[in-house]
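Chain lettering (A, B, C, D, E and F) follows the sequence in which the chains are written, and residue indices restart at 1 in each chain.
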Amino acid sequence: MTDLVTFGETMALFAARRTGPLRFARDFDLGLGGAESNVAIGVARLGAGAAWIGRVGADEFGDLIRATLAGEGVEVHAVTDHEAPTGLMIKGRRTADLVDVRYYRRDSAGSRLSPADLDPALLRSARVLHVSAITPALSPSARAAVRHAVSEARAAGVAVSLDVNYRAALWSPDDAGAWLREIAGEVDVLFATEAEGRLLADGDGPEELAKALAAFGPRHVLVKMGARGALELSDGRVLRAEPYRVTEVDPVGAGDAFAAGWLADWLAGAEPELRLRTACAAGAFAVTSQGDWESLPRRSDLALLGGAADGVSR
Amino acid sequence: MTDLVTFGETMALFAARRTGPLRFARDFDLGLGGAESNVAIGVARLGAGAAWIGRVGADEFGDLIRATLAGEGVEVHAVTDHEAPTGLMIKGRRTADLVDVRYYRRDSAGSRLSPADLDPALLRSARVLHVSAITPALSPSARAAVRHAVSEARAAGVAVSLDVNYRAALWSPDDAGAWLREIAGEVDVLFATEAEGRLLADGDGPEELAKALAAFGPRHVLVKMGARGALELSDGRVLRAEPYRVTEVDPVGAGDAFAAGWLADWLAGAEPELRLRTACAAGAFAVTSQGDWESLPRRSDLALLGGAADGVSR
Amino acid sequence: MTDLVTFGETMALFAARRTGPLRFARDFDLGLGGAESNVAIGVARLGAGAAWIGRVGADEFGDLIRATLAGEGVEVHAVTDHEAPTGLMIKGRRTADLVDVRYYRRDSAGSRLSPADLDPALLRSARVLHVSAITPALSPSARAAVRHAVSEARAAGVAVSLDVNYRAALWSPDDAGAWLREIAGEVDVLFATEAEGRLLADGDGPEELAKALAAFGPRHVLVKMGARGALELSDGRVLRAEPYRVTEVDPVGAGDAFAAGWLADWLAGAEPELRLRTACAAGAFAVTSQGDWESLPRRSDLALLGGAADGVSR
Amino acid sequence: MTDLVTFGETMALFAARRTGPLRFARDFDLGLGGAESNVAIGVARLGAGAAWIGRVGADEFGDLIRATLAGEGVEVHAVTDHEAPTGLMIKGRRTADLVDVRYYRRDSAGSRLSPADLDPALLRSARVLHVSAITPALSPSARAAVRHAVSEARAAGVAVSLDVNYRAALWSPDDAGAWLREIAGEVDVLFATEAEGRLLADGDGPEELAKALAAFGPRHVLVKMGARGALELSDGRVLRAEPYRVTEVDPVGAGDAFAAGWLADWLAGAEPELRLRTACAAGAFAVTSQGDWESLPRRSDLALLGGAADGVSR
Amino acid sequence: MTDLVTFGETMALFAARRTGPLRFARDFDLGLGGAESNVAIGVARLGAGAAWIGRVGADEFGDLIRATLAGEGVEVHAVTDHEAPTGLMIKGRRTADLVDVRYYRRDSAGSRLSPADLDPALLRSARVLHVSAITPALSPSARAAVRHAVSEARAAGVAVSLDVNYRAALWSPDDAGAWLREIAGEVDVLFATEAEGRLLADGDGPEELAKALAAFGPRHVLVKMGARGALELSDGRVLRAEPYRVTEVDPVGAGDAFAAGWLADWLAGAEPELRLRTACAAGAFAVTSQGDWESLPRRSDLALLGGAADGVSR
Amino acid sequence: MTDLVTFGETMALFAARRTGPLRFARDFDLGLGGAESNVAIGVARLGAGAAWIGRVGADEFGDLIRATLAGEGVEVHAVTDHEAPTGLMIKGRRTADLVDVRYYRRDSAGSRLSPADLDPALLRSARVLHVSAITPALSPSARAAVRHAVSEARAAGVAVSLDVNYRAALWSPDDAGAWLREIAGEVDVLFATEAEGRLLADGDGPEELAKALAAFGPRHVLVKMGARGALELSDGRVLRAEPYRVTEVDPVGAGDAFAAGWLADWLAGAEPELRLRTACAAGAFAVTSQGDWESLPRRSDLALLGGAADGVSR
């Protein structure tokens, strides 16, 4: 059963093992990452059915992506592109505090996503469609795919979730803002950091910002505030959550984890307070280990955060 | 010369090199660990003679344990079990703050320890016998071995030291508590965390707890309080020690190090205040590097903790 | 669609990175292995539908096994055993020419397989049931499971394939021989090395041996002769195949690959000569890289062996 | 002093540490490679002055390329391209005998080389210009750059060296053949394997092939025959060299090393027999260690090959 | 163009990958380090021309040093010593807070530096000569080299910079103090920690100390105060700078980076306030990654520290 | 019980993990090595009592040497030198066929061995004293130590064994030859390669050479001929042994292993034919894994070589 369907580009990921300028890194681990597939994994780990649609190259990296996502329990609907390779990410740390990510995704298989890659029956059978604003910045066909998917979803009564996920390397703030303002009216759930929220709206402080964002139409607005926690505006009601205190190992993926936690609990019909805490807990877990998605929690993990302060195992 | 004799199960240890769920860990280091042999190493490094009795399999891991302990200056009295393999530990970190340890020790050589494995002359020749409450939880024969050793020691006027070292994976709190209450009257030195102390006694706060524990008979009760330091009740007198502030690299082994520090100073006839500080210093050292026992200090290391704040060595 | 169904114990595998006595190995890679799941992966890579039934512990290693097999396209029907852990293999190389494998599988989840773990509908829906003679040596319940599965298969007209896979650590040659002689009459395809064949039959040279084995009932007898290739006796006709010459990196898994290659081509209705060459090619691929199953070929890989002599890729 | 000037694309190189399908490789080393810069390093190690012209991205990989080549004593004339990233190579081994190389170089900085990147004064000041037939396959501007450089060189009396280096991933045999036939008349030294030679000429056996190639104009034709050594046709005279017998660690880079050895000796005015032996020796060295160029020999290394049979160093 | 010329011993460096006693470290990375060449790299990265003079052995480590420094854009003037090997450093961490460095430099090539190794024309052509008080402690000839270089510099109107860099393993505080007092009058820029400053002068607090040091003659006195920032006394004027807050990965090299930052800005004619901030920023960068010099900043990096608090890069 | 006593320099050993010029090696393993302690380990593994005398620095490397040798069952009589560090070896492979070893042992602790370091009672209590001709080349005091030990041994009726082990980096062939001719008359067992034998004697072919060596006095002369096996001349009788065929992983240590095998069997009173085969088998084992001594065989291992051809484990 597919509760959530998502699509986007997933890439092979070379992660440097040592901190410092990337050219001195020497050793790299091969893995994979992609904002939308991270969300799919996160949702699946929390017990909901998740499907991911994407394009991969006819290469080892494409095979790695298929096998890993399927192994994580995500339904994989991947088109194999025989003309273009799977995209790459290279991830290092310039300092212990500064992540350095580079992409080789121009004309990649994943950036060539198009409306034809999306199975309408699959889109219509889900309870929620999740997209990010990375996809529209990849190519015209990818942008059309987002537009098409959102239309299909709305026509079928499927809720639409959007995580802004602004990538400065792909488009300008102005272009991103314009597109976001255009799509925001068709979105039911909107995830954004404060800086991302300001791409499409103004507002003093996170609460005013959330209200300005909600004015575009989303019923649920989630503002992620890093070390200050998160704020949710749902049906006019404001909730705030403190962040969990964990030792950060790798900050990448926290936003995807937050979205996954929120969506999984929304799908499960959890109370808003619990739902927001689950989102924060998932975000906290995501930063506790290397890899963009490897440390996403299961239901049974969520209780561990409380015990973390003791630094004790069973 | 054997000042301290101890026995218990020592296992080969596969330690994951990366933080996160164990299934993503990929690279592991081979080492070894065991609460009692950790104490023996710690005592030997601080200048006393230490002997370890145990059973290992007729395999490479058994050879590794023999060679490593002997190399650390511990007198090894190991029986080779041709029927059962050396036990294993798999150690990872679920998050930077949560250690995850799994055991493959059921029916292992070490769990098959029995009274016959203990050389009575060796037991009687020592100044202190150190045991942990892990051993009685391994098997009936191992439990009998502890009982037997304690009797031999007492008969010969050898002091008895017990570190509770409660392992939830091996027995229930009730079973552990019952056994501990039974043995406590024959113990001269008792090491316990607050939670462990409460397995056999009540008491508000560590001081009350220590007194309740001392009521069972031990002349020295040591309550380990983690980030709040340690408390000692010896001959009715209470001492408290602040913890050393160090950057934790691996929390496993701190309790064994504490016991080793205390016992080495007790064997050396140090003043109680110094003895407790040595225990705390040894515990602090133990968490400063990877491995359960590798960073146990020598006498010459103890001065380094003061200089740690400068982050500079010679 | 499930063409082949198999079952057996799959274990987490710690593989040493350096050659020499295991106690000096230091670095290990975590992976997994199991004769039957290796065959399932091999068959799936060659285009047939494969299902694997097994038991795993409620632990990270069990999760690793599920995720990896599912990622390889194998249908996973795994029971989670909450009483017993996933078994382990430790694999090293004593010398460049001598593999050293140790198991921690006594009372493991996988060794507790029983008839009740086998879904009769699944068994009956397949075209071939593949088993190995490792499983009956694991435990009485596992032995009963093999017997039960073979009966179900035969009753439903499903072909039965058996790879002897003799493990001296698990049972004696006499015990193995007795069991094999008992089951051989219900088997359609029998895989054995010459030494394994002699556990149940005599015969000078591989051809005589094959005939003696066929006398038990199997329609297809495959005798693996290592550096001298392989011999097949099918419906009274003898075929011989020369081995492929490849640089061996890791000999483990060659037999499973051979079986997978043969079964995949049998399922595909290939000509006997081609089928035997595919078996040999798959066996050759299996030894060309580290890992028991990672280098199993796909259809598109099979052509690469011819080009290997040039040491050149595209 | 610049004896040799060359240009082409140099890329960052991720090399898998383990043999098998790339998706299971896990650990990668970061390095760099490029046929022409490999030749420049090889020539510089053998004592001649070498300059390399290229384009790199404004990124860490571009910096790595500059620093490494400069550190190897090559004069670096690199344009920084602020629009395009440095290209990548991913190198693995499908089996111990099959190298697997993948490129991310479409629209890379290096593929955007153009005539304007070539300093005419530098081209004219050298004694030999070395190019490969990789460059014309990268882009129209890169193809124009080769044409332009060759014209400049000939106009200034600078010898022209061409290594065919056919890359099937970049263009078809027909396209490559057409271009090669067009340029061959302007080339003084031509390096080709037998298969590459047949892209532009016919001829039974290497000697006939060499003559057919020489008919296009090159004064020196070098035919590389792998395990059968090499053949040179210079000024109508045929020389043959046996290959050195070494244990191959990484076959990539042998051809570049051969060219470097030959050119360095040609620049040094060595006798033809010695020159061809140096080429073979350099080629032999190149395969003896990991990396495309790291093991290129110095003059002092050349004597080591003779001693290799003893397996002993000083 | 050479703005800065420096000289001293640069060594190959084996850095342990794991924290704990060095004998358990197992894995080491090969690199290089030397206080003066660190400064040269730092100055070159910040845009000035830097030359390094030294002696290296006729060995692989000497080649590594030449190649690495040249690759970093430093002009290398290295004498090859055929009698003595390149010196070594072994670097580990006893605890996360205590660096452990050992040297194999007695009679090394670098310690045999002598006045004859210093090209007078090079010394005179620079704008500043930078030396450390490590060199005079290496050998009599090395001490003479410092004296000689300072005389040449002063005679030619080249400014002289001295970083105390006291090494207790090489000489006593008394010997160091005597030498420093002797040379201080010929120095224009003096870098010292508070403890180092007290080797040659007294003074309550850093400001009084700076004044006492300035009394020897230096126009610029820089007192490094670790976690309390830095103080500069230039032409009688006192400036103070707060330290940057970064997560420390490797403390070694911070002092060299500070000197490099200050000197680069002094060469560039920056305002004193900016110059001191650049020095602090460079020092902060140096500790953010493994390696003594790898993380030295470029001009473009300096802005990154401000963003560090967000833990996010582009 | 000490059957064999030996002494010499044992060093910490950094072994490169990758083949190629050492400056590109990047990753190193820390271990230890020394010709004489290798022999002691080898003898101990084969069941005899072995003691090693040496000097180590007051450093982590000295501790590593003590712990490792003791862990291997060798009686360690090591003097701690507070003035000089433990020596180092750096080991790489220039090519797969050429080992590259560099030493940092000048003025090391081990090279400062002197007669006073040798306990006369220990020397006299052994059945054989084993020395190498490395030690006399280290320093005058070390040379005196050899002379002294040999005298003590002879006076006490202890047999003397000498392995030539010529090191060109330490002394000239002429100096070595002179010393060897001088000592040879006091030696009972002499080990030499053919080239080493020719340092002190002439003789066409190995047999003539052995006779010429025996003429100096040794009752047992062992000539090691690499791929051609070994020849023994004992009491006028010639024995020849074929080498074992194994896949070589690391050639270092084969000679020490050969001596250990021979001496262990001589101590055990084995027949000459078996003794020579054990020597060859031990030599074969030594090259089958990384490390100079790690793969030395035990008695139980010796049978494995026969099975090696099958590439099969239990």
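The working rule: a residue touches a chain if its C-beta (ideal position, glycine included) is under 8 Å from a C-beta of that chain, and two chains touch if they have at least 3 such contacts.
Nothing here was measured: the structure is a model prediction, and the numbers come from that model.
Undergrad: Among the other chains, which touch chain A and chain D together?
TA: Chains that touch both chain A and chain D, as defined above, are C, E.
Undergrad: By the touch rule set out at the top, what is the minimum number of steps from chain D to chain F?
TA: 1
Undergrad: Tell me which of B-C, C-D or D-F has the interface of A-D again, with more than half the contact pairs shared?
TA: Match found for A-D within B-C, C-D or D-F: B-C.
Undergrad: So, what's the distance in Å between the C-alpha centres of chain F and chain A?
TA: Roughly 62 Å, centre to centre.
Undergrad: With chain centres taken as the means of their Cα atoms, state the distance from chain C to chain F in Å.
TA: 45
Undergrad: Could you give the separation in Å between the centres of chain D and chain E, each centre being the mean of its C-alpha atoms?
TA: One centre to the other, that is 40 Å.
Undergrad: Identify all positions of chain B at which a residue touches two or more other chains, and write them in rising order.
TA: Touching at least two other chains: 21, 26, 29, 67, 100, 248.
Undergrad: Building nodes from the protein chains and edges from chain pairs that touch, which of line, ring, star, complete or other describes the result?
TA: other
Undergrad: Output every touching chain pair, sorted by label.
TA: A-B, A-C, A-D, A-E, B-C, B-E, B-F, C-D, C-F, D-E, D-F, E-F
Undergrad: State the interface residues of chain F toward chain D in the complex, per the touch definition above.
TA: The contact residues of chain F facing chain D are 18-21, 24, 26, 93-101, 168-169, 226, 248, 251.
Undergrad: Please output the residues of chain B touching chain C within their complex, sorted ascending.
TA: Its residues touching chain C are 14, 21-23, 25-30, 59-61, 63-64, 67, 85, 88, 92, 100, 102, 104, 106-107.
Undergrad: Help me check something: in the complex, which residues belonging to chain B touch chain F?
TA: 66-68, 70-73
Undergrad: Can you tell me which positions in chain B touch chain E when the two form their complex?
TA: 29, 246-249, 285, 288-291, 294-295, 301, 304, 307-314
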